[in-house]
C-alpha cells in the first residue's frame, strides 16, 4: 500500500514536472526569441508574405524582420510607410491620368473596368495601412492564443499551419503569374495582328511598341525608354500583386483561425464519452470565449478588406461574364479569357470556402457535447452548448454579408441568373439581326 | 473591531445618502423643470428639430416650447395643426395641378417621379400627424427610461446624445442644402443653354424666367410676381425639407434608442466576472424588458414613416440609376446628378446603419453573460440570455422588413443586379444602333 | 375566525357552483342545439358563407343548414356534390371550348390569361371537394376548441368573431361586385367604340350584341337567346365568385385561428406578474398544444387551396403589371384597369396579412413569460417558452412558402423589381422607336 | 401473494426470452445470410438497381450479387471498373467529337446543351466511382442501423421500404422510357418532314437515315451499319440512363433515410404521455445520434452527386424554358416538348420533396416531447429537445444549398421570374417586329 502511494506520489511528481516544463516553455515562447520562432504560429506562417508585401508598400510595419510579434508595430515615421506613400503617389498619378483619358473619351460600362481596377487598388493600399495600424492589437492576443494551443492538452494538426498557408499561397501565386503572362501575351498578339491588318507598310512589330501602347497612360507624361517601360511593368505588377494579395491574405487569415478552431474541436472531441469535471468544462469554455473574441477582433479589423475584395471580385466576374459570347479573334485571346475567368471564380470561391471553414469548425464541438454522458452533464456544458449555437463566428464584410457557403451559393445563383438573362438577350438580339 | 463596524456603518450611511440623493434628483427630474432640461434626454435632443419642423407643419404638437415632455401633446385645436392643414391644402393643390399636367401629357415612367415626390410628401404630412397623436404615449415612457438611465448605476456614454444627434442632423442638413442649391443651379444652367441654342433673339435670360418655368405648375393658377416666386420656393422647400426630415427623424430616433441599449450593455459589461446576486440580475432583466417595450412601442408607431421613407428612397435611387449612362449636357448637370445620387445612397445607408445599431447594441450583453462565473449562474441569468437571443429589437416597416445590415445588403445587391442588367441592355442597344 | 372560515366555505361553494355551471353549459353546447348556435364559434361565423357557396357547387357538404357541426359531413350521394359535378361539367366544356379557340389562334403570353383563369377555377372546385372531405375531421376539434375558449378563464375578444368575419367578407364582396360591374362596363364601352369607328353603317349597338361577343365561346355551341345569355352570365359569375371565395375563405379561416391565439395570449397576459402554480402552467401549455395541433391540421388541409390562391394571384398581378403602360382608349378602361389591379393587390395583401396574424398572435405570450417572477419560474414555464420559440404556427402552401409578412414583402419586392425592369425595357423600346 | 410473484417471475422470464430471441436474431442477421436477406433493409431495396447500373458502368462494385453488404466492396481490379472505364473511354470519344463539331460551328447558348449533357454524364460516371469507393464505409453503419430498427421496440412502417423504392423507381423509369421514345419519334418526324419539304426528289425516308443524322457524331468516325447504329443507340441510352439514375438514386437514398427517421419518430410518439425512465430517454437519444451520424455521412458522400444533379436539372429546365414560345412545326414536337419539360420538373420536384422528407421526419419527435408529463421531464429529454432543434438533417450540395422545400420554392420562384422576363421580352420583340 505504501508502494502504491509512492507510485501515486511519483506519478504526481512527474505530472507536476511536465506541467512546469510546459509552463516554462510557454513563458520562454511568450518572450519571443528562438523558441517562439520554432513554433507553428500564425505570425510565423504569414511573416514571409508580409515581408514580400513590404516591397509593394502593402501593410507598412516596422521591424517586420523581427521574430517577436511584439516588436512589429505600425510607425508613422518608417520606411514601410514611405514606400506606401510612394506607391500611393505614383498610383494616384496613374489613376488620375487614366481617369482623364476616360472622361474625355466618354465613360461607359465597358471601359470603366480599368479605372475601377486602379481605384480599388488605391482604396486597398489605404485599407491595408488601416489594418497595419491595428496589427499589434491583433497579433498579440493571436500569438498568445497560438502559444496556448500549441502545447498540451491541445494537439497539433496533422499538417502544420505553415505548410497549409504555403501551399495555398504558392498555388495562387503561380496561377496569378500565369494569368499576368497570358495577359501580356494576349495583348501583344492582338496588337501585332491589328498592326499587320491595318498598316501593312509598318515594317516592324516589336514588343516595345506594344508596351508603348499598353502603358500609354504613363507614356503621356513620361518619355518612352527602357526605364519608363520597367516603371510601367513595375506599377502594373504592383496593382496586380495587391489585387491577388488581398484575396490571399483573407485566405491565409481564415486558415489560421480555422486551424485553431479545429484544434479546439479536436480537444473537445477527445473528451467524448469521458467523465469530465465541471472545472475542466469551465476552462474549455474560457478558451472558446478567447478564440471567439480573437475571431471577432479579426473580423472587425478586416471588414473593409473583405468588403472591397468581394465587391471587386463580383464586379470583375460580372464584367467578364458580359463578354462571354463576344467573338474573339485569336486562340490566345480565348485562352486568356477563359483562364482569367476561371482563375477569378476559383479564387473567389477559395476565399469563401476557406472563410466558411472557420464557422464550420466552430460548430464541430456541438456533436461531441451530444455524447457527454448523463451524469457528466452540468451547467457549464449546457452554457457551452448554448454559446456554440447562439453565435456566428467568421469573417464578414461590415456584417452586411458573411463569408459562408450560403453566401457563396447566393452569389453564384445570382451570377448564373444574370448570365442566363444575358444569353437570352443575346439570342434575341441575334435572332433580330438575322431576320 | 468596533471601529470596523463604525466604518461599515459610516460607509452604509454614505451609500444610503447617495441613493437618497439620486432618488430625490430623479424625482425632481421627473417633475420636469430645469433639472430635467439639463439632462441628456432624447426629448431634449430632438426638441430643437421639432420646433423647426413646426414651421413646415410637420408633427403638429402644442406646447412644443415647454421643457417638460408631459406638456407636449397633440391637440386638434392648435396652431400647429392649422399650419399642417395649410400645407396639406397648398401641397394638395400643387399635387393636383401637377397630376393634371401629367395626365394630359401622358403618364410614363420618367415624368412620374415628380408626381410621386409630391404624393409621398402629402402622405408623409399625414403620417407625421398620426405620429404626433401617439407622441405623448411614447415620450412619457421614453423620458422615464431616460431619467432612469442617466443616473448610476448606469454610466453616461462618452459623447452625449445631444451632440450625436446634432452632428448627424447638421451633416445631413448641410448636404441637403447643397443638394437643393445644386438642383437650382443645374436647372438654371440647362434652361439658359437651352434658350441660347433655340431662341437666339431672346435677349435676356434671367433667373426669374427660369423660375417661371420651374414653378410652371404654380404659375398656371397664380400671376407671376415676386410673391408667387417666393411662394414657389417656399412650397418646394417644404417638400424637400419634409423628405429629408423623414430620414433624419428615423436616424435621430434610432440613435436615441441605440444609446440606451449601449448604456445598458455597458452596465452589464461592468459586472463581467463579478459575483452578482440574483436580485440584481432580476433588476437588470426588468430594465431590459422596459427598454424592449419602449423599442417595440416606437417601432409600432414609426412603422408607416419607416415604410414610406425606405420605399421612397429605393424608388428614387432606382430612378436615378436609370439615367446613369444618359448623356448630360453640362458639367454642372453631371455634378448635380452624381452629388444627388451619392447623397441619396449615403442618406439611405445612414438610415439603415443607425437603425441596425439598435439591434447590434441589444445583443451586446450576451458576451458579458458568457463570462458570468459558474457559481454566479442562476435562473435569472439563464432567462436573461434566452430573452436576448429570442427577440428582434429594432425598427421595421410594418414588420414587412427590418432595418438591419442584412436588409441593406439585400437592397444594395438587388440594386446592383438591376443596374448591371440596365448596363447590359444599354450596351446591347448601343451595339444595335451602331450596326 | 369561524366567520372567516364560513366566508371561505361560501366563497368556495360559489366558485364550485360556477365551475359546475360552466361545465354543464359546455356539455350542453357540445351537444349542439340552441346553446351552441348562440356561441361565437367559427362554425357559426362561416356557416352563412358556406350556404351561399353551395349554390356555386363550392365545398359540397350535406346538412349544411344544421346548427350542429357534427351533422355536417361530406357525402358522395348528396345534392351538393351533384351541383359541383354540374359546375365541373359545364366549366369543363367552357374550358375545352376556350382552349380549342386559343390553340387554333396560337397560344401566347397575353391570351393565355383567360384559359389559366378557367383552369384554375376547375382545379379549385376539385380542391374544395377535397377540403370538404376532411371538413368533419377539422370542424369537430375546432368546435371543441371554440367551446373551450368561449368560457372562463378565457375572455371573449372585444369584437366577436362573427362580426369580424362579416366585415371582412362584405367588404371584399362589395369590392368584387364593383370589379365585375366595371369589367362589363369597360368591355361594353370598348366594344361600342370599336363598332362605331370601324362599321359606321352598323345602326345598332346593343348590350346583347356585346354579350354575344363576350360569351362567344359559349355561343359557339349554343344558340343566342336570353337563356344562353343568362347562362353565360351565371357561369362567368360562378368562376369569379369561386376566385374571390378562395381568398375570402383563407381570410376567414385565418381570422378564426388568429382570434383563438389572441384569446390565449390574453389569458397568459392576465397572469403577468402573478404567482401561478405549476399545474396551471401545465394546463395552459396543454391548451397551447391543442391550439397548435388545430392550426397544423388546418394548415395541412388547406395547403392546396393556399398554394393555388397565391400562385394565381401573383400570376394575374404580374400579367396586369405587364400592361401598366399600355395606352388604353377610354377613361372607363383606365378606371377598370387600375381598380382591378388595386383590388387584386389589396386582396392578396389581405390574405397574407390576416394569415400572418396567426403567427404573430402565437408569439404574443412570450412577452408575458418574461415577466413571470423569479420564484414562479419553473420547468413548465421553461418548456412553454421553448415551445413558443421553436415552432412555426400559420398557414402555408405545401410548406413551400409560409403566409407571413416576410413572404409578402419578398413577393412585393420581386414584383417591383420585375416592374422596374419592364419600365426600363419599355423606355428603351420607346427611345428606339423615336430614333 | 406468492402467486403474483410467480406471475411476475414468469412475465420477466418471457420478456427475457423474447429479448434474447431478438438479440440472437439480430446477431444472425448481422452475420448476413438468408435472415438478413429477408429483412427490409436499404441494401436489399437498392441492390437490384445497383445490379442494373453495373451494365452501364455506374457505381462499379465487386460482389454486388452477394446478399451480405460486407462482401460488396470497391476494387480497382474488377469487372465493374473495367466496364466503367470502357464507358468513360467511349463517352469521352463521343464528347470530344461533339465538342470538335461545336467549336468549329461556333459555340452558343443553344447548341451548348448537347455538349453540357455529355460532359455532365462523364462527370457523373466519375462521381459514382468516387461514391463506390466510400460505399462500404456507408453501407456497414447503415445496415447495422437497419438491423437495429427492424426489430422491437421499433415498429416497421406500413409500407415496406422495398415497395416504396420500387414504386418510385418504376414510375420514373416508365416515364423516362416514354420520354426517350418520344425523343426519337419527334426527331424522326421533324427529319422526315424536313426532307419532304426540301428535297422532293428524295424517294425514301427511312428510320436508318434519320439515325445516321441523329448519330452523326459517331458516324463521323465509324462506318454506317447495323452495328454502329446499335452502338449509337446503346451509348445514347447509357447517358440517358445515367442522367435518370442520378436522380432516382438520390430519391431512393432519401426514402431510405426518411423511413428510418419516421420509424424513430413513431417510437418516440408511442411514449407520448407515458412515464419513461431517464435511461430509456438516454437510449433513444443515442439512437438519434446514430441516425444523425448516418445521415451526415451519407450527406457528405453524396454532396457531389446532389450538386451535379440539381445544377444540371436547373440548367436543362432553364434551357427548355427558353424555347417555351418558339413555334414548333408538328404536333409530335409539341407533345415531346411539353412531356419532357413536365417530366423534368416533376423529377426535380420529386428529388427535392423526397429529400426534404428526411428533415421533416427528423423534426417529428419534437411534438411528442411537448407531451411528456411534468414529472417525466428530465435532463435527457431537455438535451434531446435541444438536439432536435439545433441541427439540420438532410441532403445538400456541398452544403451550398440544402434539399428542402424552401430551396425548391426559391428555385421555382427564380425560374418563374426568369420565365416572366422572357415572356415580356418576347412580347416586346414581337410588338417590334409587327410595327
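Residue numbering begins at 1 within each chain, and the chains themselves are lettered A, B, C and D in the order written.
Criterion: a residue touches a chain if its C-beta (ideal position, glycine included) is under 8 Å from a C-beta of that chain, and two chains touch if they have at least 3 such contacts.
It should be emphasised that the depicted structure is a prediction, and the values quoted were computed from it without experimental measurement.
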item: Rotation, 0 to 180 degrees and nearest 5, that superposes chain A on copy chain B via CA atoms; value: 90
item: Label of the chain whose CA centroid is most distant from the centroid of chain A; value: C
item: Interface residue identity across copies chain B, chain C - same or different by half; value: different
item: Length of the line joining the C-alpha centres of chain C and chain D, rounded to whole Å; value: 37
item: Distance between the centres, which are taken as Cα means, of chain D and chain B, whole angstrom; value: 53
item: Residue numbers of chain D (touch at least two other chains); value: 421, 425-426, 432
item: Complete list of chain pairs which touch one another; value: A-B, A-D, B-C, C-D
item: Chain D contact footprint on chain A (complex, rising order); value: 325, 366, 370-371, 374, 377, 385, 389, 405-406, 408-409, 412-413, 417, 420-421, 423-428, 430-432, 435
item: Chain D partner contacts - residues on chain C that touch it in the complex; value: 108-110, 278, 282, 285, 289, 318, 322, 379-380, 383, 386-387, 390-391, 398-401, 414, 418, 421-422, 425-426, 429, 432-433
